[in-house]
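The structure's right below; bear with me while I get my questions together.
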Amino acid sequence: MPSLSLLLVAPLVAAALAIVVKPYRRFVGWAGVVLASLSSAASGTLAIQVVRDGPVSGRAGDIWRVDALSAMLALCIAFVALLASLLGPGLADERDDDPARTRRFRIFMNAFAFTMLAAVTTGNVALMWVAVEATTIMSAIVIPLDRTKASVEASWKYILICSVGIALAFTGTVLAYFDFVSTAGEVPGSLNWDVLRDAAPSLHPELLQLAFAFILIGYGTKAGLAPMHTWLPDAHSEAPPAISAMMSGVLLAVAMYAIARWKVVVDGAVDRRFTTTLLIAFGLASVALGAFSLVIQRHYKRMLAYSSIEHMGLVAVGLALGPLGTFAAWLHVANHAIAKSASFLLAGRVLRRYGTTEIDDVTGLLRAMPWTGTLLAAGILALVGLPPFGLFVSEFLLVRAAVETRHLAVVGVVLLLMVVAFVSLLGHLNRMLYGDPPPAVATGERRSWPLFALAVPIALLIVLGVALPAPVDALIRQCVASLAP
Amino acid sequence: MSRAIAILFQTLLAAGLAPLVGGFIRWVKARLNGRRGAPPWQPYYDIQKLLGKEAVVSRTASWIFRATPFVVFSTSLVVASFVPLVAAPAGRFIAGDLFAAVYLLLLGTFFLALAGLDTGSPFGGMGASREMTVVALTEPTVALSIVALALNAGSTSFSQIVSRTLAEPAAALGPGHLLAFAALFIVTLAETGRLPVDNPATHLELTMIHEAMVLEYSGPYLALVEWGASLKLFVFLALAVNLFMPWGIAVSLAPIPLAIGLVTFVVKIGVLATAIAVLETRVAKLRLFRVPELLSASFVLALLAVLSTFLAR
Amino acid sequence: MTVDRSAAFLFMIAGYVAGAIVALIAPSDRIARGATAIGAASGSVAGLVTALAVLATGDRFELVRPDMIAVAGGVAIQLDSLGALFLALVCSVGLFAAVYGFTYTADYDGRRSLRFFGLMFNAFLLGMSLVPCAANVFTFLFAWELMAVASYFLVMTEHESSDARAAGLWYAAMTHFGFVLLLPMFLIMAPAAGATAFVDLRAGASALPPAARSTVFALALAAFGSKAGVVPLHVWLPRAHPAAPSHVSALMSGVMIKLGVYGLLRVTSDFLGTGPAWWGGLVLAVGSLSALGGVLYALTENDLKRLLAYSSVENVGVIFLGIGAALVLQSYGLPALAMVGFGAALLHTVNHACFKTLLFLAAGNVLRGARTRNMEQMGGLIKGMPVTAMAFLIGSAAAAALPPLNGFASEWMVFQALLSGAQIAKPEVAIGSPLAVGVLALTSGLAAATFVKAFGISFLAMPRSDAAAAAREPHWSAWTALGAFAAATVVLGLFAPSAIAAMYRIVESVTATPRNVTGGGGIWLLSAHGVAAVSPLLIAVLVASVAFVAFASIRARGFDVRVADTWGCGRIRQTARMEYTSSAFAEPLRRIFSELYRPTEDFSVSVHPEARLIIRSITYTTRIVPWIEKALYEPVTRGARAIAASVRRLQAGSVHLYLLYIAAALMAALASAWWFE
Amino acid sequence: MFSQLVMLGSSGMLLTALIVLWRKHVPAYISAYRLQVWLLAGVTATVGYFASDWRLFAVAFVLVVLKAIAIPALLRTMLRRFGAQPEVRPYVNTETSLLIAGLLVLFAYVLARPWMAVTDLPTRDALPIAMGLLFVSLFVIVSRRKAITQVIGFLMLENAIALLAAVGTYGVPLLVELGVFLDALMGFLVMQIFVYQIHETFDTIDVEQLTRLRH
């Protein structure tokens, strides 16, 4: 319990500190880092606690409830938030000349982290919705950190589309609640998802089907599933790198988390094929869209964004493929969170050096920024699912789950699309890494601490890919168990 | 042990008779053209004379150029030791089978082509290029002829093929056998540089193949190359006569059969050599780029041979 | 002698990993180079010890760590004699490539990162060494992909040229294509959820329905074929192999593509066992296509390393011919004859590894000496680089399957395997196997032409460029590798009977068929029934003694040798411009097979502006664009681009449109609820 | 009586949505929206009265204060700031819009049929209307050009969900309701900020100008 409080309170304190200290001072940033580390540590202890003793409930009983899945996501969120606060404007960024801008970033970045943490640690489906909606608001404010036309446009699209989507998710929530209330009457904790799950067999399948359709579209919009993904490449590519890292790395996963929670409830009442088919359909559409959008992509940040769509599609497909698929999906979420956040932060460094987001204008990266280039290459190789990185394991498990559940057509399509994505991403990486840097770009890179910080996620990916430590394995097994009907 | 002696004897016989075959063909051709021509044993004089002369070696050439005559000669002679001439003793003193023979001859050609390139002369390169082209294109026909023979005998070993043909003479007159013979005959012409593929009697740059390749050779080197070439011709003729018409060949190593074998062999070779001579007076040399047509025709013959052998079984 | 095999195995891994890490953090290029070589060499030696221990005793070596990546089945290592053979190949080539690489990469000092190269070189060796040891799906795929990634970066070492970059991408694409076929291929065989150890697959494969077995086979053929570089999946090979540094090319051509052969053998002969005859027929067809296609493109190639790469395609085709013959024979219930095919394929695998490594390393010396890969600018190298020339000559002769070298022995065995196919009383076999024989014969004929050209044009006659004239031998340490592989090429040729007997033992242990084939009777290489025999050793002795006698007797008579200019029809001085060129050499065959090559020709004459009869220059260019790529790969890439273009259009920028998508998706999802009622 | 009143209020809300589709001036949109909120508050209060749940009165009160008074006022400020925007040109003309709205309501009825069968709430007749309102507001967002009209469409969407919650479940728990209000307010404020930002950076609030980012 104290660790749960610490997990949630730390980012709030960081945000409050950033509000209070005006203009921004460097110690605020470091304090934020310390608080984010505390929050990460808290999520770690929470995860250990959960694996050992089962779900942890908060004092208010039905509001905060942390099971393995929540703990796993909280861990990812806290870790990515730590990376973001360490490498975001104000500390690592040499160009942090505008304290107002930095202050704004620090406030909303922490608030954003808080809303995501709240979304995964609450046991109440409606509060989860509130928190997810809040993530949209917090992140939308901070996207146009440098009020450029593109970033304003991106965040307008983001907030409008996601608000509409999330409203649809609320409709679904209300519909399910309506069914629950009309069959079971109003009982305390009736919006708690475990109560809903237990009551599911007595609910009306017709209604829950409609509810799930709304929920899937609604949270699917937030999760970047095609064809509701349209805001994603814009927002993720225009946001400051640290925010992109959080959005791509964990925000999408939070939305997938909501879908997964609801899937369990709906599966209790409806033939499992319904949710499975919908998830596979939208998942495959996302993988296809992500993969083919990578083919003729000209901007590396958008490239990373489309790759997120592809990965979320894979996660959606995984969730539909039985226990092993679910395992693969959550492992994939964890791996993707690490790989994508690192890649976005590295892309931010590239952008700062080259001053362009065009792939064609970034050449000779290995020569201009040998370390950043190597790390970015590692990140992108991880994202295309090559060993020794963790995504290789999760993609392998995903395919194995699909073969074991005899979804052979899905296997075929997914693998084909993975080739498309692989070739495209590698081709773009190839063009960026090699050749000679443009004359205007300075070459050489000193080994500064941000580089070491960025090497940590890559090292983590290798550990996950080579050994998959037993605690992680146990945690994700518990995630699967917590989603069992 | 007597088998080993028989093989040694046959090999020496091949080495001794080989130049005569070339001379004989030339003599018959001259006669057919109404000329007196050089005597059939003229090649022996040539070899003798060349062995006594000095050798001129190109400044650009390397050791390959000097080593090649020995490689060519020895491979041809070793191949000759595989081939049943007078007797076809079974057993393992023959170091190779048909495939080995073909590839060993290819080894000689390989070095000869390298030697052609070694001098840097455009003729040498041209000859090497053309020779390798012809050799490459004849390989499949040779192989398929071997298959056709092997299908009957169940083996690619010389003695097996010979003994099977002797045992079942009816099969030897079957269509498969004859087609294979025809194919191998065409290949023989191509491989040994006879008309219509190559003209051994010309030094016209447009038409030369083998002669262009060995243009730079002189003295003892040339002697060895020429001797090797005549051995190759001899081996091919011997193959043709003894694999397809083995009658008369000695199957035991007693004196009488051996004598009969020797006589029949000489007669058979003589007949085939005459046939070549007749053919060479009748046909004109083909343009280089028509040669593949001839060779593909021979390939088709060999393929048909295989098929009809198969169907006849 | 007993060897602690697991210690040796772990030492192998430790050697590679240490080499990789030390190279990565090395303070200077020289140290990085040294660490790379020492790590790779010590790892290879340890791997070789492990492999030889298994080969000598014949019993398997196992090492299972179920706790690493437990959910995917853990890490499982099992080395049987088939795997050990390939491990031995990887490690022996790896060892000498490492030694050779130490001096070879000195050329890169200060120019590019040798640290990264060292990391990737060792990772490449680690991946390749683990592939034949893997005993479950996850371990196999992990090693497989590690090998692919590492070799991709090795190909990109000389990334200044856009060719190398394009080569890398082709390579990565094709290798990944193979990988995604492997994944379902293995998993279909898994008998139960989670049972992905090779033991389970073996059991699972036998329980599969015929259609599924054939699917597995087809996937395996495509996946491993793409790694082995068979036509038409070979497109990456002639691009990637030449682009890599030469010792890496040697590793790729010598052993990496052989791991495709390993995979195919493992899946077909070990897991699947006997299948329908068309499996073998398909492998024969693919083999014929590769053998012929490979050699035809090798013939017209002017880039020395690319010529060697195409020759690898050819040799993989020959290996596939052996496997195909074996599969056909197996399906007709002739396991003893099938063993000849498998044995021949394995022997050719080993042999090709030897002579191709030799050739690539020699080509590396040439590249360093003459500073070009273009044969049209070489010539006369035999004078400056006699050792390299000798090595290249031995390799060339072996590649042309000339006796008594090793290429001949294995091709002879393949011939015998194909001939035994002709005994099966089925018309399709009776037509197919002679055709395959014909193809193989044509292939070796063309290979001879190709290597006459490769050696003759590059090493003989006069240098065609100043660099070629100035080319000298590299540091002597580069010779050790050449010497080792030249010796192996010769020894494996002369003692082929013992080698084939060893191969039979390996095949026997994998396919569990009793051995009633007489493998090697002393010095005799035998066909299936022992009726055809050839002795490379005897041939060698005979040829050598005849040559010696001839030489000695001519020497005894005594003769004068006069050195003079080449006769030049009355020209004054011989120049390199007079020489036959590489293109000219291949011209007759290029014309004959013009239907296959479909060359584009461009002929232009520029005349003097004032006098039209004075010709200033004549330019003739001809290019061969392999039409397989045009016909097969262009539509695919064009299709992908077309789809991508239409997908792009979805993201049109209008927020209204985006919202419309959501509305439409919502309606569709809601409507789908009816469908499920 | 209860169901009639609820029905009346809900139908009125749907009608206001249709008015938005029919009218062409932003001020008219704002009035229609305000009317809709009043009706929503009425329905909520009615449900609260008949279900004797005091919390719904509180909700109705907050609704009026927040959505019927505060938000329209902010909207009008915004409008004054941007000047009297001329005529709104929707993507779909009025006739077609109305037709589509009709079809959407029909679709809502079809969707709600199985679900009306499982409940015997007195308010169940209003469920398809709430759903229809949801679809129509979605349509408004999709088919209207201006940022400000999109905001109004979004606010109507929220009303539709609130209506659904009120008539379907008699309101979600208060804590949640508060969270929803907070989010709605925050969301609106942020959207308002962005409308200003769009106006600043693009000199227009015509969303159609925002198509720089594509592919």
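The first chain written gets the first letter, and so on, giving A, B, C and D; residue counts start at 1 in each chain.
As a working rule, a contact is a pair of C-beta atoms (placed from the backbone, for glycine too) under 8 Å apart; a residue touches a chain by one contact, two chains touch by 3 or more.
What you see is a predicted model, and the numbers here were worked out from it, not measured in a lab.
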| item | value |
| --- | --- |
| For chain B and chain C, chains touching each | none |
| From chain B, the most remote chain by mean C-alpha position | D |
| Length of the line joining the C-alpha centres of chain A and chain B, rounded to whole Å | 77 |
| Gap in Å, rounded to a whole number, between the CA centres of chain D and chain C | 68 |
| Averaged-CA centre spacing for the pair chain D and chain A, given as whole angstrom | 31 |
| Centre-of-Cα separation between chain D and chain B, whole angstrom | 99 |
| Multi-partner residues of chain D (each touching 2 or more other chains) | 111, 138, 141, 150, 207, 210, 212-213, 215 |
| For chain B, residues that touch 2 or more chains besides their own | none |
| Of all residues in chain A, the ones touching two or more other chains | 156-157, 160, 164, 206, 210, 233, 293, 296 |
| Chains grouped in pairs wherever the two touch, ordered by label | A-C, A-D, B-C, C-D |
| Residues of chain A touching chain D in the complex | 124, 126-127, 130, 133-134, 136-137, 140-141, 144, 147-150, 152-157, 159-160, 163-164, 167, 170-171, 174-175, 177-179, 181-182, 190-191, 204, 206-207, 210, 233-234, 237-238, 293, 296-298, 302 |
| Contact footprint of chain B on chain C as seen in their complex | 379-380, 382-383, 389, 393, 397, 400-403, 408, 411-412, 415-416, 419, 422-423, 425, 430-431, 434-435, 437-442, 444-446, 448-449, 451-453, 455-457, 459-462, 524, 527, 529, 531-535, 538-539, 542-544, 546-547, 550-551, 554, 557, 559-568, 574, 576, 578-580, 584-589, 591-592 |
| Residues of chain B that touch chain C when the two form their complex | 51-64, 70-71, 73-75, 77-78, 81, 92, 95-97, 99-100, 103-104, 106-107, 109-110, 113-114, 116-122, 124-126, 128-130, 132-133, 135-144, 147, 150-151, 154-157, 160, 215-216, 219-220, 224, 288-289, 292, 299, 302-303, 306-307, 310, 313 |
| Interface residues, chain C side, partner chain D - complex | 648, 651-656, 659-660, 663, 666-667, 670 |
| Interfacial residue positions of chain A with respect to chain C in the complex | 156-157, 160-161, 164-165, 168, 206, 209-210, 213-214, 216-217, 220-221, 227-228, 230-231, 233, 270-271, 273-274, 277-278, 282, 288-289, 292-293, 295-296, 324, 327, 331, 366, 370, 374, 381, 386-388, 392-393, 396-397, 399-400, 403-404, 408, 411-412, 415-416, 418-420, 422-423, 426-427, 430-431, 433-436, 466-468, 470, 473, 476-477 |
